[in-house]
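When the chains are written out, they are named A, B, C, D and E in that same order, and each has its own residue count from 1.
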Amino acid sequence: MSNTPIKGNVAYYSWVGFLALVIALGFAAYLRQLDQGLTLTGMGRDVSWGVYIAQFTFMVGVAASAVMLVLPYYLHDFKHFGRIVVLGEFLAIAAVVMCLLFVVVDMGKPMRVLNVILYATPHSMLFWDFIVLNGYLVINILCGHVALTAEKKSVPPPAWIKPVIYLSIPWAFSIHTVTAFLLAGLPGRHLWLTAILAPRFLASAFAAGPSLLILLALLVKKVANFDAGKEALSKLTTIVIYAGLANFFFVGLEFFTAFYSNIPSHMHSLQYLYFGLDGKGALVPFMWVSTLLGVGALFFLLFPQTRKNEKFLALACAALFISLWIDKGIGLILAGFIPNPFDEVIEYAVTANEVAITLGIWAIGALILSMLYRAAITVKKAWED
Amino acid sequence: MKKIITPFVLVVLLGLIAWFGTAGLGLYTLFGVVLPYGAFATFIVGFTFKILSWAKSPVPFRIPTTAGQAKSLTWIKPNELESPSGAPGVLARMFLEVFFFRSLLRNSRASMVKGPRLVYVSDKSLWLAGLVFHWSFLIIFLRHYRIFAEQVPFFVPLLEAVDGFFEIVWYNEIHAVTLPGLYLTDALILVALTFLFLRRVLDTKVRFISLLQDYFPLYLILGIVITGSLMRYNLKVDVIAAKNLVQSLVHFHPDTSIQVGSIFYVHLFFVSTLAFYFPFSKLMHAGGVFMSPTRNLANNSRAKRHINPWNPTIKIRTYAEYEEDYRDKMKAVGLPLEKE
Amino acid sequence: MSESRRKFIQQVGGGLVGLSAISLLGKFTEVEATANTEVKDKPAQIRWGMVVDMSKCKEGCTDCVQVCHSRHNVPDHGNAKDEIKWIWKAPYKNVFTSKSHRYQQQGQLEKPFLTLCNHCDEPPCVRVCPTQATFRRPDGIVQMDFHRCIGCRFCMAGCPYGSRSFNWRDPRENLKQLDPHFPTRERGVVEKCNFCAERIDQGLNPLCQEACKEGVITFGNLNDPNSEIRKLLGEKRTMQRKTELGTAPSVFYVVES
Amino acid sequence: MIYNAKVVLPILILFVVVLTYPFWQGGTEQRPEPQKPAKAAQCVEDAAWMRANHMQLLDRWRHEVVRKQERSYTSTRGQVFEKSLVNTCLDCHQKSDFCDKCHAYASVKLVCFNCHLNPELVEP
Amino acid sequence: MSKFAPKPAEMAAQMNQDYLVEKVKAHESDWMETPPEFRPGNWCYAPAPEVVESLGLDNPRKWSPDEEDWKLPADYKARIHQGMKERLDKNRAFKLFMDVCVRCGACADKCHFFLGTGDPKNMPVMRAELMRSVYRNDFTMAGKILKDWVGARKLTPEVVKEWFMYFYQCTECRRCSVFCPYGIDTAEITLMARELLHLLGVNINWILKPASDCNRTGNHLGIEPHTFTQVVESLVDDIEDVTGVSVNPTFNRKGAEVLFITPSGDAFAEPGLYTMMGYMLLFEHVGLDYTFSTYASEGGNFGLFTGNEVMKKLNAKMYHEAQRLGVKWILGGECGHMWRVVHQYMDTMNGPADFLETPINPITGTVFDFAKSTKMVHIAEFTADLIRNNKLKLDPKRNDHRVLTFHDSCNTSRGMGMIEEPRYILHKVANKFYEMPEKTIREQTFCCGSGSGLNTEEYMDIRMRGAFPRASAVKHVAERNGVNLLTAICAIDRVTLTAAMRYWNPGVEVSGLHELVGNALIMEGEKERDIDLREDDLELEEEE
């Protein structure tokens, strides 16, 4: 690509400077965590995964959502995604990098991270997640880079990239499926021990990711004067609606199975999340906000009058994104540990240090995204006027 | 092919010589004392000599590379890094050039596509590989101060901690391959050298321009890296004995009784060869980069007169001579004249 | 190589193949349909197990806990969040979550029960570990290799018994007495009861068993029909934690005499 | 004549001075000389081999003890030892004398004692 | 079209099919054993003996590069050795550049001649190696002992021919040096090589003839004083025809505030003379007190392409004349290599100019601090300052019939760092301005392909190939934005790019910057303008 990501106007530099600051703070917080240990987090004996793994799970979904552009564009020849398919791939790159970082900061011994390869263990789902995530990163970097380079030269992309692009489609599904398998295969964690966890993940991913893409598309239209096109946005909105509906349908299924069967261990985590358990319910307000935002957004998106209005579309997408972020990026992981194996409700409270690291990683993601988008849009716009 | 293979054979031979010289002939004093002293002395003297030989030639004209807007009208933003107007800009430019290879960062690759049409795509691979190689080399060299200096300097444990952050300790049934853990720079330098080598061989442009002497140092440094890594990770040697030997050398009473494993002498011989070879080769770019007039001069020649010590006196065709030749013609069209 | 020797090798080789084929067949036939009986045979001489007779356990006595924790250098950080536990007591209703009911005899629900790693025959923690830092020894002990653990805590999510602890902070901060014969851990790794593997390898019994004056703990080879533990299991009514999860624990409880 | 001597020479001299630092660093060429243990005449293996390879041996030991339950080591001389840093090595040697001196001299980080305990400090 | 170049379509077809820039031809062969091939269109004529003599250079004789025997002096080896030794001792850059190259290849595909010919010896590193190989043999211990193992070779007549071919296939544009991690400047190596070749009498007519003429008459074209004034006066008439305004240039006038020097091409060659008209309109517009000189009637300096002594000799006239006329400072026109000389050499060679004053713009009062020693200001700096201070009345619509792009001349961008001033002016005097792709402009600009004295007819094949990268970039904006005018601030560009555009991009014309300024200037008392300085119709809005 070119030097374009590092040239820019005042607004861009301020944005990059701001991100750099957040990253620096996050890095300082991480150094502190390296020095003093994960005791600085809100995690403990009972809730042993917290905001890091929750963000990781959520971002895997965002990463996987690139397939919602690649698939219609390459398999169904939906031409309108031509302008933004690379934006999806670049979003995937930023999201996967964030995923990897979230896993690393969660590790007690990050210096031993390569043990995952040195002592490759196929019966561990984490090993497979390591493989699929890194593979997905490579595939997306390759596809994005090759496509953009070809576009820059204004020559057709080389033929060998086609199979790689096709490979990226099942691969995107695999990253979220394997991530679901991390959780769904654990005995005694009943919230996760469900066969529809993978479909649930995919549904929420294909709602959250494209929502974010719509928001980003509207943003670059505003700040970079790069229009994704009405058709593309409308198609993305359709995807968001169907995936969002599927997501809430799946949540409903979980409720039915747990509460109709009336098996306490299946109900407990859901009870904790939505109604509180043993008098404790720190997440209850979040979950209801999530439900209201999600259902509300979907309701309004169903009407053409409202979803055709860009302001409203942005609002609905933001609401849905936040809703799903709360659902998957907070609730799902934490409540898996609540109640604990002794049926005690011990809650998790995030700490400032943890938040700083989390924000740092988000900022890294945003920085990567900004730089990649800038490069992509420069190339794209070079051929239009 | 000859220029690719000959230096390889040469380096292998050098390794064999050191191995046979020590393990076979027992010439420990030669390989452990005499050659290292000789090589180091050659390096210091040769390096100094080369720098001074450059310094002995003046810089007659101020010709910096102006790769950006020069300082001109006050309201036009000058690019101090690419076209520095004074010492601060020059220092910053040199710093970025020496430590971060800034010029290579803008490298691009041209290709001709049907049309014909030329297209250029940014290519940062040389920059990255070069940076990784040089920085790894520097860090590895600095880490060796644990051997060179009797009291381990403060920066060594610091570098070791960062470089060895990843505990890459791998055990298999045949061999505990890496204990102590793998240094990142050890792996990175190997990757970077391999890339630089492959690039020389596979890129037809670079293969065309490459000389035998471009491959030789690559192989030699690769040899140093490989023997060093073998010593650390596989064919263990007594590092205390090695340090004792080095300390006896730097304290100027060489202990000829010390014998370390042959791999150590192969490593040392490679290093000695490199040190000896350095001042006479392109490797002097390490010193030369500081001396390059196109980069270490400010672009201020219209504001400040640059002096050429050998500015020749030239006889010019003066106006008087000119008027002499053309007086009539000038007069005819009414041009003012000095002498009527 | 002499002819006779070659023949011998062939016979032994062939024999071995045949043997393993038979044992494979055996494996298929012996698998039972119900999950909560643990007899998925693992062809080993030894499978260590433990019976905890809670009818003999004195309330308020923590001899076994103290010996274990002090000899294994288990720190006491003084807060529940960072807590490290190898063996400890917890109320019956929490240990046997699915076997508690509101009409249980007086005091039973709150009665402290000894709990520790179950050294499952089908340990989920081993299944999920990405580096084999947790592994099952041939003698059934589920062992931690602290040198290899990356601290991902997948095993903690995997363990349905809450038997695993993570070193959220440096254990040496809160270790007043150190026993040099057993290492401490580093910050950032997971740990748990190891059935005193270091003692078993020397032919000794676990510390908790030795420390208990009341004879609460019986330790022995579950694969030996003549062992004391098997006799006990044959005589008493025993139960295990969360058998429905198919983990096949090696720790059994006698709840009443 | 040297041109730009005011810039060139100081930098050149600084370079040479830094590079030759080991030669004028001073010091008395003190070599680490750990005490010979009184307890045993010979180490597990030949002393010279141990100097170069002890880390490999210890790594092999830890692997075999933890993962394979093989706790005794038969040396090339046929002697049998317990595979234990604390019980075998430190039975004869003292960490502060034996390990630390060389490790400090060669600046090699000693990671064993991050977990394993030095009996010198624990037992009075 | 020239008989020295194939037809454009043939050349294009050949480029399309023949080679790839990324894969060098004949990459397996050893370059030392590949002799240069002289064929029509790739070499320049030798100078006549009297031209060589008039400049006091060595070995005047009749010879031609395509002949086998070049009639080199018998002691050619000793001459080159001695000449090289002298130059190594006198020029640090030369010595350093002989030693430090690591052959990383960053420069390889940056040269327009390499991109246009695919000839691997046109990779800048290779061009320098042609000389380094001899340097190693003669001046390094390693070379003396290890010979071709370290890439050393003896000087032979074949090597001399190779030098001639490839050091006259370099326009000293310095693009490679921008990419070199050590800043190795091939232009300086080429300069040395050409100086060395002079020692053998190996040189080209197109450089020596103008240099000789310039010495004699004051300008490259050999125009004598009376002709010079007459030509300028005829331009004055043209201005009056187009604008209705009469301008009054003066010549050799003592006591003027400013001496104005521009390349003679601006006075005598299309499209340069429209630029000349632009200057005169501008000076009239602001009432500048200036004079031309017939003695210093040349900004350009072909000495730069010859050697530092001829360069100094020709350049000396500027200060000499300024001092004689008693002006305060010198204003320089749009020229490329003139400014390379003024910026990099003039003050060092012929200064200090303490008889002049630090230039001050008499109209705006701006002090040109950055030129306080040389005392010479570029016309683009001068005009930009005027516009910035609102001293010009401009109507950019008068350039609406042009869609323009700007070609950074190598000498002004990479030789002095002038990048923004011309763009500032362009934005003020024209509405339709589009940049070429980023890797082909500013400091990465491509040479016109005929600089450094190579703009001669018999060299057309190489010139058109060398111009190809520039033309390809122009074509990009021509197709995309409809660009039909290529603006440049270099007299050689204006001539050579005109040829190159006719060859590669028919329909794209070439102009100077001040031609556009002249079009846009609203002069006092002017008549309604419906044609531009070229007398082309303006694109006027329909009156309602």
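Heads up, the rule we're going with is that contacts are C-beta pairs under 8 Å (C-beta built on N, C-alpha and C of every residue); 3 or more make two chains touch, one makes a residue touch a chain.
Just so it is clear, the structure is predicted and the values come from calculations on it, not from any experiment.
S.K.: If each hop has to land on a touching chain, what is the smallest number of hops from chain D to chain E?
M.R.: Contact-graph shortest path, chain D to chain E, evaluates to 2.
S.K.: Which chains, if any, touch chain B and chain C both?
M.R.: Output, common partners of chain B and chain C: A, D.
S.K.: Skim through the chains and flag the pair connected by the most C-beta pairs in contact.
M.R.: Counting C-beta pairs in contact per chain pair, the top pair is B-E.
S.K.: Among the chains here, which has the CA centroid at the largest distance from chain E's centroid?
M.R.: C
S.K.: Averaging the CA atoms per chain, pick out the one whose centre lands closest to the mean of every protein CA shown.
M.R.: The most central chain, going by mean C-alpha position, is B.
S.K.: Rounded to a whole Å, what is the gap between the Cα centroids of chain A and chain C?
M.R.: That gives a centre separation of 38 Å.
S.K.: Which integer distance in Å separates the CA centroid of chain A from that of chain E?
M.R.: Whole-Å distance between the two chain centres: 56.
S.K.: Could you tell me the distance, in whole angstrom, between the mean C-alpha positions of chain C and chain E?
M.R.: Distance between chain centres, rounded to whole Å: 86 Å.
S.K.: Could you please state the distance in Å, as a whole number, between where the Cα atoms of chain A are centred and where those of chain D are centred?
M.R.: Chain centroid spacing, chain A to chain D, equals 48 Å.
S.K.: Where in chain D do residues touch two or more other chains at once?
M.R.: 3
S.K.: By residue number and range, which residues of chain B touch two or more other chains?
M.R.: Only 55-59, 106, 111, 114, 169, 291 qualify.
S.K.: Could you list which residues of chain C touch at least two other chains?
M.R.: 147, 186
S.K.: Chain C touches which residues of chain D in the complex?
M.R.: 62, 66-67, 69, 71, 86-87, 114-119, 121-123
S.K.: Enumerate the contact residues on chain A facing chain B in the complex.
M.R.: For this pair, the touching residues of chain A are 1-3, 109, 111-114, 118, 149, 152-155.
S.K.: Residue numbers of chain B touching chain A in their complex, please.
M.R.: 106, 111, 113-114, 119, 121-122, 165-168, 170
S.K.: Where on chain D does chain B make contact in their complex?
M.R.: My answer: residues 1-5, 8, 11-12, 15-16, 19-23, 25, 27, 29-32, 48, 51-53, 55-56, 59-60, 63, 102, 104-109, 111.
S.K.: Quick one: which bits of chain B touch chain D in the complex? Just the residue numbers, please.
M.R.: Residues in contact with chain D: 44, 47-48, 51-52, 55-59, 145-152, 156-157, 160-161, 164, 169, 171, 175-176, 179-180, 236-241, 243-244, 246-248, 250-253, 261, 290-291, 309.
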